[in-house]
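Take a look at the structures below.
There are two complexes below, and they share subunit A, which is joined by subunit B in the first and by subunit C in the second.
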Partner chain A sequence: MPDVHSLVNEFILKLKKRKVEGSQATARLAAVLLRSVISQQRIGYTNQAGALIDAVKAVGEQLVAANPVEIAVGNIVRRVLHIIRDEDLSLTTAAMAGLNLSAVSDDDDDDTSPDDHPVLSAAAVAAAARSTLRPPSLQSLLEDMPDSAAVPHTSSSGGDSEGKSKSADKNSRSRKLKHDVIEAVNELIQDIDTCHEQIAEQAVEHIHHNEVILTLGSSRTVLQFLCAAREKKRSFRVFVAEGAPRYQGHLLAKELVARGLQTTLITDSAIFAMISRVNMVIVGAHAVMANGGVIAPVGLNMVALAAQRHAVPFVVLAGSHKLCPLYPHNPEVLLNELRSPSELLDFGEFSDCMDFGSGSGSPLLHVVNPAFDYVPPKLVSLFITDTGGHNPSYMYRLIADYYSADDLVLQRKAAPST
Partner chain B sequence: MGAQKKSSAAAAARISDDPEELSRVPLQAVLLADSFTTKFRPITLERPKVLLPLANVPMIEYALTWLESAGVEEVFVFCCAHAKQVTNYLQCSQWLSQPNFSVATIESHNSVSAGDALRLIYERNVIHGDFILISGDTLSNMSLNRALQEHKERKKKDSNAVMTMVIKRSKLSPVTQQSRLGTDELFMAIDPDTKQLLYYEENTNHLKGTLSLDKMLLIDNPSITLHNDMQDCFIDICSPEVLSLFTDNFDYQHLRRHFVKGLLVDDIMGYKIYTHEIHSSYAARVDNYRSYDTISKDIIQRWTYPLVPDVLLFGNSATKLEREGIYRATEIVQSRSAQIGPLTVIGNGTRIGNNTKITNSVIGKGCSIGSNVLIEGSYIWDNVTVEDGCQLKHSIVCDGVVIKSGSVLSPGVVLSFKVVVGQNFTVPAYSKVSLLPQPTKQDSDEELEYADNNSDIETSPIAGAHDNLNGELTSDLTDMQSSAAEELGSGGAGYIWSICEGASEEEWRHSVAPVPAEKLAEISQTIDDDLDFSYQDGNAPASSGELKPGGLSDSDDDDVDANNDSAYFEKEVEATFLRAVHENVKVDHVILEVNSLKLSYNMEFAACAGAIFYSMMKLALGTPYNSSAELYNAVVNVLTSWKRLLKSYLSGKDEEIEIILKFEEMCSELAKELSPLFTKILCFLYDKDMISEDAILDWESEKNYADESDRVFVKQAEKFLQWLREASEEEEED
Partner chain C sequence: MWRRSASFILDKREDASSQQEPLTLSPSQITAPAMTETLRNPSTNVSAYYQTRAAHYGVITSDWLSQAQAAVGQHSVENEVRSSSSNAVDSGSGRPFSVIEEFNNWRKQPDLAEAVAAIRALAAVIRSSEATTMMELEIELKKASDSLKSWDTTSISLTAGCDLFMRYVTRTSALEYEDFNSAKSRLIERAEKFGEISCKARRIIAMLGQDFIFDGCTILVHGFSRVVLEVLKTAALNKKLFRVFCTEGRPDRCGLRLSNELAKLDVPVKLLIDSAVAYSMDEVDMVFVGADGVVESGGIINMMGTYQIALVAHSMNKPVYVAAESYKFARLYPLDQKDMAPALRPIDFGVPIPSKVEVETSARDYTPPQYLTLLFTDLGVLSPSVVSDELIQLYL
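And then the complex of A and B:
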């Protein structure tokens, strides 16, 4: 097993050099990396969760700084942090339940713990209640119960062995915590892997017979979504806007045709002309913000406006790793990537327009090639994530299930320090 | 990571040239961390060129980053000038500890050219396969895969394809060429099908508009394309043979001027160079101050993406890109009233005062810029202090410079490290200022570079050309420092390097300042003139490709070549003939052999006839004889026995005249013994129908206007000629 540090560095370099791009790929790699960070993190007897959180945060900060545009990486870091907190809480609840039992049995126990118990257990119960929202953690909570409760029972007969038993308990808990966290991260990775299928499963509910679907550029989620509908014997037509300047729409059109879908390729500028014949716009996203706004490939804002003008539903497909708990009010969050102008222009042909050596010393031609658009939430009709369809106004609630409020600052804290 | 050791260890293990060895070699690259030129003086006296910052990042970082991302696994950084600085830099950087990417340094202190460097690398024997050869000031974001694949495929088919050069199209306009990269116009001839490079010429002779092509180019290639719109990216994919070629030709110094041209001219070894054109990716080389300026701007405009300031995070200072191409590091103290204009980079920890205006500039880390300062198109490196009210236009200011209040830097100024400019002092345009005095001659002690352009500075230290204010101080050498101080106003420190007469004309070409309008007008004027000229000529360069090869035969070079060739040819024919005589080879076979010689030397029939006749005479002279009669008999013997051979080359009058001329030449120079027999042998040749009377008469008339000395044999043959004339007259009368 290679050293975690070098793994982290390698991934950071890849992010920096834009060698890995695309939210799914980066999200998955980040999750796998964080899993190995967790598995190799040595944790003491006290405050194990804190140690794990610090380790993950330290790595996460670097990852986010390496390519702040890949919002999915930050999302995954926060998800993992949330998982750690969650597992810790559920373990604490379980332990507390065990301690409560022992405290009841030993009447002469004069520890400070009885004072703490009501407070702690209240918190633990609240946490347990919260974690019921997520079935896996509830499950693990139930599984843990007999195991961790058994330890204090056996050792509670001798009063002086209380401390020892606690440490033994903690030791097992630390291993337990790590194990549970890794399990949960594995589930997260699986979620990322299967998000396309999960989303595609809902395709039949949204695409109906003889409809015309418009999409722009290329997105794997969209491709699988359309194909899933096709496999369920829905017959419909797809308009693909080519998505200048990278023209990934061409590739999408090719793929769709290969799978037997009736496809029409149009230029981006023809969208307004074609939108009146469209029944639904289905697009992918780069990230979904907490307010329901979407960061999407460039050109989508125009599509959304066209759709609104003609009252065509604008549906955004996004795996849960694309849900970002931040609000796009801050320019530091609403990042854009300006790519090379060579995607637009041939440098050789236009080199005379970008001439600094003649005239006033500054050229009259600037070429700007942004990668992303921001689509405000009011233009989005529906989000389809792996958990189902949601309104833009509901996104903040969905996001609250995935992230802890304490972790939102991750990036903001990182930004001024660097 | 002990990388230096590795290179010497690898040198111990000699490799064989087995084809199996070629199966899987890690992709290697040689990065020359020395440009071997003096174009960046005086800055390069104190710091190697590859460590100079380009948009606040040392150039070598760009090169290494690109190599790494292009899939190169092993890089040898060849350091020469300031080798210590380069190795120290690399040791402090992250490059030596990268997984899957090893950087090893090779130090040398006596290499003065790229040729020397490659010879040294060959000696170290560290290159085992195809390698990328770039210099440390090259910047690119191209993907190497296709070029490499093409190179390998060609290599498989033809082992002589030793190099693939990366080229890029640029706008077809010498004005742009000049104003963008400051380089000379480049002409290339490329085979459009195979992409083989056939001709490479930098037009150093500015805008003369003519270039001469070897006619063989046109004869040998069914089609060629001539380009003057290509830009050489100075990225070469080389086979290991390149290194050995440099070793074999120890006089190769310059990669392009000697090596490329050498290979193109040399058709004996048959090594070939191919080109690979890149379209959407970027590649350029910082050759001089002008290209430094242009490439910096290209980086800021993101043509080099992902090698742009906000993506490449060297050190920990995150840089943010704002609208209009303003790159700001995170910790900047900037006055509210300061105006930062478009296309500007501002480094970490810089402070900018009130009402300061900055446009089109790069400001380094930790600078402090006062109030009411105007900075336009300038490159200010790290830790520079600019006091209030200064004006900087199109200048380069190196680390640690202090510019005191009210000073003005005119366009094209270069201030080297730690120079201090005094108060209210105006630094004249295009001047170069350094703390080090200007070297008195082009010595290579301080920096191992060789001067390859005449336009460079020469002689005369701290000359009085720029004496100013208190310039009358000091004649003593020990006071040098104080005199230096006075050169830049009160409280200033530094020498203004003088520019020699001829060079000042050229200064504008390579400076960071925009080309003056009048020069631009001049350039376009000359171009128009050239065009007019070539149209009048009715022979635009493009059409020259369709000319008949024969029409191009009379250049001086060709004549010299032809002379050499014909001498060799004669020798070869003689040897063939003698062998034929001694080994009784059949006449037909001799004819075949001579024909093949004729083809390989590209000779005419006349030359063959002459050569054969010459060899026959030599043979006859070789047989022992006592009197001229015996000699005559010998000649007659040889001539009769080999008559068929000679006849087969005597197809017309021209060949016959050639024989007579040859014979005459022999008689007068080589074999004086033959001279008395001239007429007799001529008669014999006539009798045997080898030479017609027309030919003889033509020969005579050709000689009519020659000197007396040349007419000796005409006189000797006077009688015979007379007889011939009468005979022909008689015939006419009949």
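And then the complex of A and C:
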């Protein structure tokens, strides 16, 4: 137990000091950390899923509070919560099916069921359990829902369905639940690791011969995507905007040239000048919001607007760990982070402008260095995730697959406590 | 003059309904001449849907007050109650059971949504039905819902409610319950719970919607919608500081009523005449509207004026949020404004209008999805394109 605690603290410290950055790295570390939290969590005989969920939530809140800008961390916490609920449900329904068989056979013998209750129980319980996981839909609107599950905010962490089943082999089941959950988290970690390759596999479908591709800054996903197309003998040219103030575009250009791709380096301010020669814009993202909007490295909104002006497709590559179930209007979504001005200016040259000692006490020169842009969904033509290409308006569907509705409010509790 | 739309969907629908008339228990057959007041088919002149709305949400205007003072205050109310209860008695004893009467009785309750009233009325059909098999019951229900729908073609949530319930009946009963009686009681129970579901839906929407209201924002509201009011109420209770602009909402002035309600909550309100929307749009941070119905394209059908407000908001890059319960999702696909059966409503101009002058009396318009930002529904916060997805899932 103290072991996990120190691990958590270490990771929180890293997040706070911005020692780990980038959504893939943070997502992976968060998933690994949560896996060890789960494996070390001691769980009782009843309400095991509830205990696991509480433990993960507690850690998750701290992680999210440590660096709210790394949206991927919150996403992973929610994914893990969803995994726990999912595994718990599949175990419960399996147990229920066993119970049910006996119950139904009893009913057939007695034939004394004036009320519909015993006949119902199976379907009702299954439906109730389903409704906790599945997003609400028109179909289930009229179906029976127990009150605890119906309102997402009051539901007591899905443990109630667990309490209902009084099966004998609890011990083995508790171990099974934990085992299954850890297995699934391992799969999640693997997914995060391989998302680049999975996205890159689709490159040939999107990049064609003699095309001109524009990208801004540097993204590992974009690099692999372009290289994958290159390996499949597509010949095309890449325009790389340098991505001030960090100039990561320079690195990308170097890597592309090393792999034998025709590369042109341009300044960020030349994007409008060059966009008319471009066939497609391919960029990476920091996070994808539920409405299909993108939180992306600074400068991309300009690229998106330029692309729209010239009707150039604007394609965003994003692993599924970047899908965030929140809307950019939600208060807990921190859209931006202000970085150090040293990336823009050399302190040595501008030190006299920023002298706090002289004059009114505040310097005349301010430097603002935001890290992210928000690109509204209508500017995005296509998302390519590890599951394929999607329209921005389709994002809600992926989110419904990956997250359960109960977990979306994860951060609301965290906000007042910090 | 109401122009026929290029699409002939509507024309076909009218044909179909006129053919069906003799088959179904159409209101004209049941209606005894004595019952003209309650059972008169209203679609000829004034939309029944808007009559109910006016009765429930009508703002007390000065001329209404003077009329009311002239009459004896209590008397008229008592009369109405007595007449409605006598209707109920009549339907029980004398004539065969009628869905429409049942629906009308439910509709009188101001807190009940139209769809809830429809589903309650269909539940009453199930209860009074003498069918012995599921098939018979379904056919009976189908007839009843058709007659309900044709009685007031202008009410979208009535149609949507009927469709939703019919879908539920056909989908669940056969599969899950072997016993006919238990299935029947189950259906009735669920139908009666539907009022609760609708209230819960409103609360969920309020919880979801209030997240989008931030401190210091200005919200433009058009029309009187219980859901929108609930969202604003929840936000106010959560100590959000915001300001509301209410349009006046001619001709029934429902904006005045909304502003009354908001003033009770100590929310700062400003009333605008309907034509001042573009003038004040630069101060507005977001537009909130309810919906009479959400159609398959993801657009909404709502009180007249919503479309122009959405257009203005779109051109000024302001988000337009729609709050609507999911049972208002209707399987309609209007192609243009005139593509729906027009809901007519009298407009009082205060001065006599020469008979040569035409008056546009349609009560609502269609706002296409590209002008809407998000829909707050009890299924979650949805982008307009999700609506068709939900509908397809249900009716596939």
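What we mean here is this: the second predicted complex is superposed on the first by the 348 of 418 C-alpha atoms of A that agree within 3 Å, B and C clash if a C-alpha of one lies under 4 Å from a C-alpha of the other, contacts with A are read in each partner's own complex, and residues count from 1 in each chain.
Everything that follows uses one rule, which is that a residue touches a chain if its C-beta (ideal position, glycine included) is under 8 Å from a C-beta of that chain, and two chains touch if they have at least 3 such contacts.
Everything numeric here is computed off the predicted structure, so don't read it as measured data.
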Which superposed partner A:H208 touches (first subunit B, second subunit C, both, neither): neither
Partner chain in contact with A:S393 - subunit B first, subunit C second, else both or neither: second
Which superposed partner A:H5 touches (first subunit B, second subunit C, both, neither): neither
Contacts of A:N369 with subunit B and subunit C, given as first, second, both or neither: first
Set intersection of subunit A contacts, subunit C complex versus subunit B complex: none
Sites on subunit A touched by subunit C in the complex: 115-116, 119-120, 123, 135-139, 141-144, 150-153, 290-292, 327, 329-331, 377, 393-394, 396-397, 405
Contact set on subunit A toward subunit B in their complex: 6, 9-10, 16-19, 65-66, 338-343, 346-352, 354-363, 366-367, 369, 415-416, 418
Interfacial residue positions of subunit B with respect to subunit A in the complex: 65, 68-69, 99, 141, 168-171, 173, 175-176, 178-180, 182, 229, 231, 279-282, 290, 293-294, 297-298, 301-306, 311-313, 316-318, 321, 324-325, 330, 342-343, 359-360, 376-377, 394, 513-515, 517, 520
Contacting residues of subunit C [partner subunit A, same complex]: 164-165, 168, 171-172, 176-179, 182, 185-186, 190, 194, 197, 200, 203-204, 207, 211-212, 214, 319, 326-327, 329, 374, 378-386, 389-391, 393-394
